[in-house]
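Labels A, B, C and D are assigned to the chains in the order they are written; within every chain, residues are numbered from 1.
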Amino acid sequence: MEIFSNPLIYFVIIPMLTLLGLAFCNNRGIRAIRTVAVVGAVALVALAVYLVCLFLQARGAGDTSEMILQSKVTWYAPFNIELALGVDGVSVVMILLSAFIVFAGVFASWKMDPLPRQFFLWFFLLSTGVFGFFISIDLFTMFMFYEVALIPMYLLIGVWGSGNKNYSAMKLTLMLMGGSAFLMLGLIGIYFHSSADGNLTMNILDIAHNDAIPHQWQMYLFPLTFVGFGVLGAMFPFHTWSPDGHASAPTAVSMLHAGVLMKLGGYGCFRIAIYLMPYAASELAWIFLTLTGISIVYGAFSACVQTDLKYINAYSSVSHCGMVLFAILMFNTTAMTGAVLQMLSHGLMTALFFALIGMIYGRTHTRDIRDMGGMMHIMPYLGVGYVLAGLASLGLPGLSGFAAEMTIFFGSFENADLFRRVLTIIGASSIVITAVYILRVVAKLLFGEVQDEHHRTLTDASWEERLSTATLIVSVAIIGCFPNFFVNIISDSFLPVVNALKDYFPVAGL
Amino acid sequence: MNLTLLMYLIPSLFMFGCGVYGFITRKNMIAIMISLELMLNSVDINFVVFNRYLFPGQLDGMFFTLFAIAIAAAETALALAIVINIFRATKNVDIQQILKLKF
Amino acid sequence: MESVGNIILYFVIAIAIIVFSVLTVTTRQILRSATYLLFVLFATAILYFQMDYQFLGAVQIAVYAGGIVVLFVFAILLTHKPGADAEPLSTHRRWLGLSAAVLGIAVCGYAVFSHAAFCGRQLATVADLDMATIGHFLLSTDKWGYLLPFEAVSILLLACIIGGVVIARKR
Amino acid sequence: MPLSYTIAVIAIPLFMFLFLGLAGVKMSRKLTGVLGVLGMAVTTVIAYGVALTYFFGTGQGQIADGVRQAVTVFNPDWLSFTDTLVVRMGILLDPIAAMMLIVVCTVSFMVHLYSLGYMSDHDGNPEEGFQRYYAFLALFTFSMLGLVVATNLFQIFVFFEMVGVSSYLLIGFYYSSPAANHASKKAFIVTRLADLFFLLGIMILSYYTGTFDFNQLVFGSNGANDMAVAQSAIASAGGATFLGCSVTAWALTFIFIGGAGKSAMYPLHIWLPDAMEGPTPVSALIHAATMVVAGVFLVARLFPLYVIEQGAMEIICVVGAFTAFYAAAIACVQSDIKRALAFSTISQIAFMMTSLAVSSADGALIEIHGGTGLGYMASMFHLFTHAMFKALLFLCAGAIIHAVHSNENDKMHGLHKFMPITSIAFLIGCLAIAGIPPFAGFWSKDEILVAAYHKGFFWGLWMSMVAGMTAFYMFRIYFLIFFWKKHEVHTHHAPKDQPWTMTLPLIILAAVSVVAGFVPAHDLVTWNGHHLHTQLDWTVAGSSVAIALVGILLAYKLYFKENDLPERMKNAASGLWTAAYHRFYMDELYQFITHKVIFQGICVPIAWFDRHIIDGFFNMLANATGSASFAIRRLQSGSVQSYVYIYLVGALALAAVTMVCVLI
């Protein structure tokens, strides 16, 4: 079939082949399971890098089409459901991010016990969903992959989690499903207004070009879609699944969830909610801007008093992901580019955080910072990694967080209205609060005296843990040192959205 | 005096009423099934009667009853097998005391 | 105008059906209940004969009276000590059953009587229904043919046989 | 030497950081130290070459009429915000950048060398974390150099953050100690708060002017600071105002707050005394000579803009003058030698700030004022001399601490006999800071005072008074450490002068402190690149020397020999003394605000709100669903008979309804 000549489809096929391979393994042959998983992950990384090259080549060759590598296969003709593929700069970097996090996640769950085979099966099913979501441009297909990515979460947390895992898994699944319900309503609504002349379509690009959704319908559909995705993007007040979910999830799942899955929310908000319904987006932006503005500060303040390492990072994720949605709602290329950079940055550094926390927890069997101290003496590698992750999180130049946050703040400030500026300033103030909670953790956890004498006998990271974290650290540093490389890939992708918004929203500098 | 359609319906109606009463009141599972048979039988009669009086040239009602009898027989056999099985397990055929599957 | 014998027969049977039905559900000895059921079934068979459906009546006697009631008796004997009485019914339950029955009879009776014109139909004479016709209809695929239900029922019976074996089997 | 070699000056420390940080653990401690020092030595040589070429070379950095221009050596894009607003990372050399290269490299090299001895025990064995220490020093040096050669405002911000982190890491070098831990956190967070304002300032300024680049903000076509360019940059805001002040004034004030955080201006000074928990050479490098003057450097960079926005300049002036006095007052009563020096640093930096601010008195453009940027020159000159003598003082303090293992001066006393070289070096430092000719401090401070008197008599008098206090408290420290009474030997090691690695930097810096005053600063670091004609104002010079001598005499009287006069004075004004000793309770105020107001008053309630109200709401939804299910579960009784009854009644009701409908 023609679609198999499109490299994008292999982002779904490779994880599925990995699934197939894992199906032939059994739990006694951990070596075989690892081999299959690593091969799958490496193939994904290679393919993602190849995709970036393809993209740069296409853009370099003067291909200015909105999406490259488009192709489609009809699934169900009566509703015009298609498997429509296509990527722009944003999808490309998100795919790259996902591939790296899957790679790191495989190594972070190297010693998974019990049932390693089943764990990796669900893990790769989740990856299938994630990649599928990023490569498709058909509403139905996107939604389907979105669900494919969400459901394995329940089992991954419920079976392999720790602590109050049943409660957390149930809460996470129910809240995200609640979001999906909103989302599905919204998508159906969009579908039925997708065209003025009755040729209804699910294809995002066609819908955007038709621009046929009536304004009063947009006012209903936009909140549905935005909240639907916003739940996954941990938008206040729909973020409470995040602390519990992350706290209970196994390491690799936390990594993948915070690193990639939460990005689905931001990506969807921009790709579907704002792009397809620019009128309502600009009319209702103030509500969601307020909510995301609250998210940023609120998450940061909440993180200041937590004592569980994972809770701290979950709340910090609320703050950082709030910044993503916040920037997307600023409606200009700079801020939106910043949002994508922030997604990349947050994805990598949170994955790093959760990987390190998992490794520390695996040794000390506690995540309470009051019970730990002086870890820098005992496990210097993990300690340094944690400090680096922390510095990336609080925005040290040279690591990814800084470039992302600065782009967001400067982009947001481009808007001349006082409301957005005040919010920008409030958002910017989070850099101080972030510093407070990050340094608090670093000081309690890594510095100071060793609290528990038993901890003195613990070992530093093993080779696969080093590989996993080093991958992420290097990625964070590369984004931090050469942000323009990514900005150049990303920024053009926002032109269609910004142009769509231009009729309704006064954008400075356009 | 003629034997009209109505006159056949009346015994059938009472039979059905008795079946309902028995089904609701009895505790013994076998008794419940007996009541069930009563109801089935009354329905059979109705089929036949309607067929015979309203559409004398056709045989739909009769065949329906025929099949109904076959199915009733099968169903009874199976149901009694289950009852006996339950009895084996619980030494009991009182429907109100078999609560294992409740909730 | 029906023959008097027919009418007398009808009344005997109708009364028998009503009385034995009531007895079936009110007696406290389960074996008796089965026996009264047998009478009801016989009476029904006679009704069928009276309406010239001899084959149906025969089936009624063979399958119902001969097969099912015997099954019941077996089951009863397997699960009950002979002569044991059932516990008396609770008043609450009896009222419940009675109300449902009376309500049902009332509503259906009203429906029946309100269609008096319809119900006043008399028996028309038809050609004798011989076995060959029935057999032909049962196994035909023409209009009025019943091959499909016939096969369906046979599969159902097969399923029941297997089910019965599986359920009753000792583990 | 071509100016493009500056890249090496930046790159070598960065390389040393990465190299020592990654490979250091595999090497012996000694080797890493030596490599670090060597790397820094090469850097210093190149930096001197570049700076001297810039100042004295021909053709490079100078245009025909002798104006020193700003030379952009290298300026690639780093991050594009919009097509026009692009962050670049580059290297720009102008007089103050070149001067800062010299300052940073000199002090850094001295500190690298000194640390070889300081970070070892008495047998010369390097202590734990030696590699890490040198890696961090290299990181700091890289960041600071990156800051001073910045081509644009955003680059300065970037390196502000970087030096902040280096400072954090080095203050917390002894990370097991709670005090160091706490101090490093405090330093980072306070400066981070200031950086937030800096960021806001940059956002506002860049929004209205559309650029970060100094070349478009302040430098004219001849490559030197140009008022016309600054004027047009300010004008591009189109007169926009916010709350009655022009947006550029807001922006510049915010930027100043950013600088004030790094430069420890009141009320953001509280982190600096605590930062003394770090190793003493680090204090000398970061918290005395280089990083803390970043704020002064920042204001000097944007000097033409500040000249136009006089409101912002007035704020700097008031804050600077107040801080100078406030810190000097506290320094008079501190018993911890490093803290006393820290407050002295704050006071001296405030001098520089004030000097910049008075430089444009009369509220007019700078040319209108007769002095034409005397204060600017004086400030930069003082920055230079202060870096040298304050580093000297800190390194001396380090030598003493290394010898007696305590920071408190009541453990010292009478060390003159034991450590003569240190004593003399310290004395030179004190004379320099007190402003006694011909030592370095005299020349720079004198010009600051002249500039202050230009602005107004009050400002001059105020600064003169602070200068007198400076002389007093420095000599108080000096006498208390080296004289007062005979030293009691507590440990089995008698204190003695330290090994050559530590003594050599002292000697070098002492020599520099003696002669640095004769550097022709008025020729080299003027605001517009032109030569500035200055002459010694004898009234000001004479009076300031007199005041300094009075301060020294007072200190001599009180502290040279053991007596009970200080004790009696302390008791006489015990309230004032206690308040000053506790730094006028600023730390307690901050503690109250951060812990009681922000932590207990905001964070804890928010966390509670999140767990109980928001999460509670969703749990309530779940629980309500659960209870509802339990409630209607009764219908699912499992009794076939009930089902039949309900079904039958329902069916009959339906039938009845149908019939009634048909009848009607």
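Here is the rule we use: a residue touches a chain if its C-beta (ideal position, glycine included) is under 8 Å from a C-beta of that chain, and two chains touch if they have at least 3 such contacts.
All of these numbers come straight from a predicted model, not from anything done at the bench.
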Please report the minimal path length, in steps, between subunit A and subunit D on the chain touch graph. 1
Can you name the chain whose C-alpha mean lies closest to the mean of all the C-alpha atoms? A
Measuring between Cα centroids, which chain is at the maximum distance from subunit D? C
Once you find the CA centre of subunit A and the CA centre of subunit C, what distance in Å lies between them? 68
Here the gap between subunit B and subunit D, centre to centre from mean Cα coordinates and rounded to Å, is 96
How many angstrom lie between the CA centroids of subunit C and subunit D, rounded to a whole number? 102
Taking each chain's centre as its mean C-alpha position, how far apart are subunit B and subunit C in Å? 7
Residues of subunit D engaged with two or more neighbouring chains: 645, 648
Residues in subunit C with touches to at least two other chains are numbered 96, 100, 104, 108
Can you list every residue of subunit B that touches 2 or more other chains, as numbers and ranges? 20, 23-25
What chain pairs are in touch here? A-D, B-C, B-D, C-D
In the complex, subunit B touches subunit C at residues 1-28, 30-31, 33-35, 37-38, 41, 44-45, 48-49, 52-54, 56-60, 62-63, 65-67, 69-78, 80-85, 87, 93
Could you list, by residue number, the parts of subunit A that touch subunit D in their complex? 171, 174-175, 236-237, 239-240, 298, 301-302, 304-306, 333-334, 374, 376-377, 391, 394-398, 402-403, 406-407, 409-411, 413-414, 424-425, 428-429, 431-432, 435-436, 439-440, 443, 446-449, 483-484, 487-488, 491, 509
So in the complex, the part of subunit C that touches subunit B is made up of which residues? 1-2, 6-7, 10, 13-14, 17-18, 21-22, 24-25, 30, 33-34, 37, 40-41, 44, 47-48, 51-53, 56, 59-60, 63-64, 67-68, 71-72, 74-76, 78-80, 86-87, 89, 93-94, 96-98, 100-102, 104-105, 108-109, 112-113, 116, 118-124, 126, 129, 134, 137-138, 144, 146, 149-150, 153, 156-157, 160, 163-164, 167-168
Complex interface listing, subunit D residues touching subunit A: 77-82, 85, 87, 154, 158-159, 161-162, 165, 168, 172, 175-176, 178, 181-182, 184-185, 188-189, 192-193, 195-196, 199-200, 203-204, 206-207, 599, 602-604, 606-607, 610, 614-615, 617-619, 622
Spell out the residues on subunit B that touch subunit D in their complex, using ranges where they run on. 20, 23-25, 32, 95-96, 99, 101-103
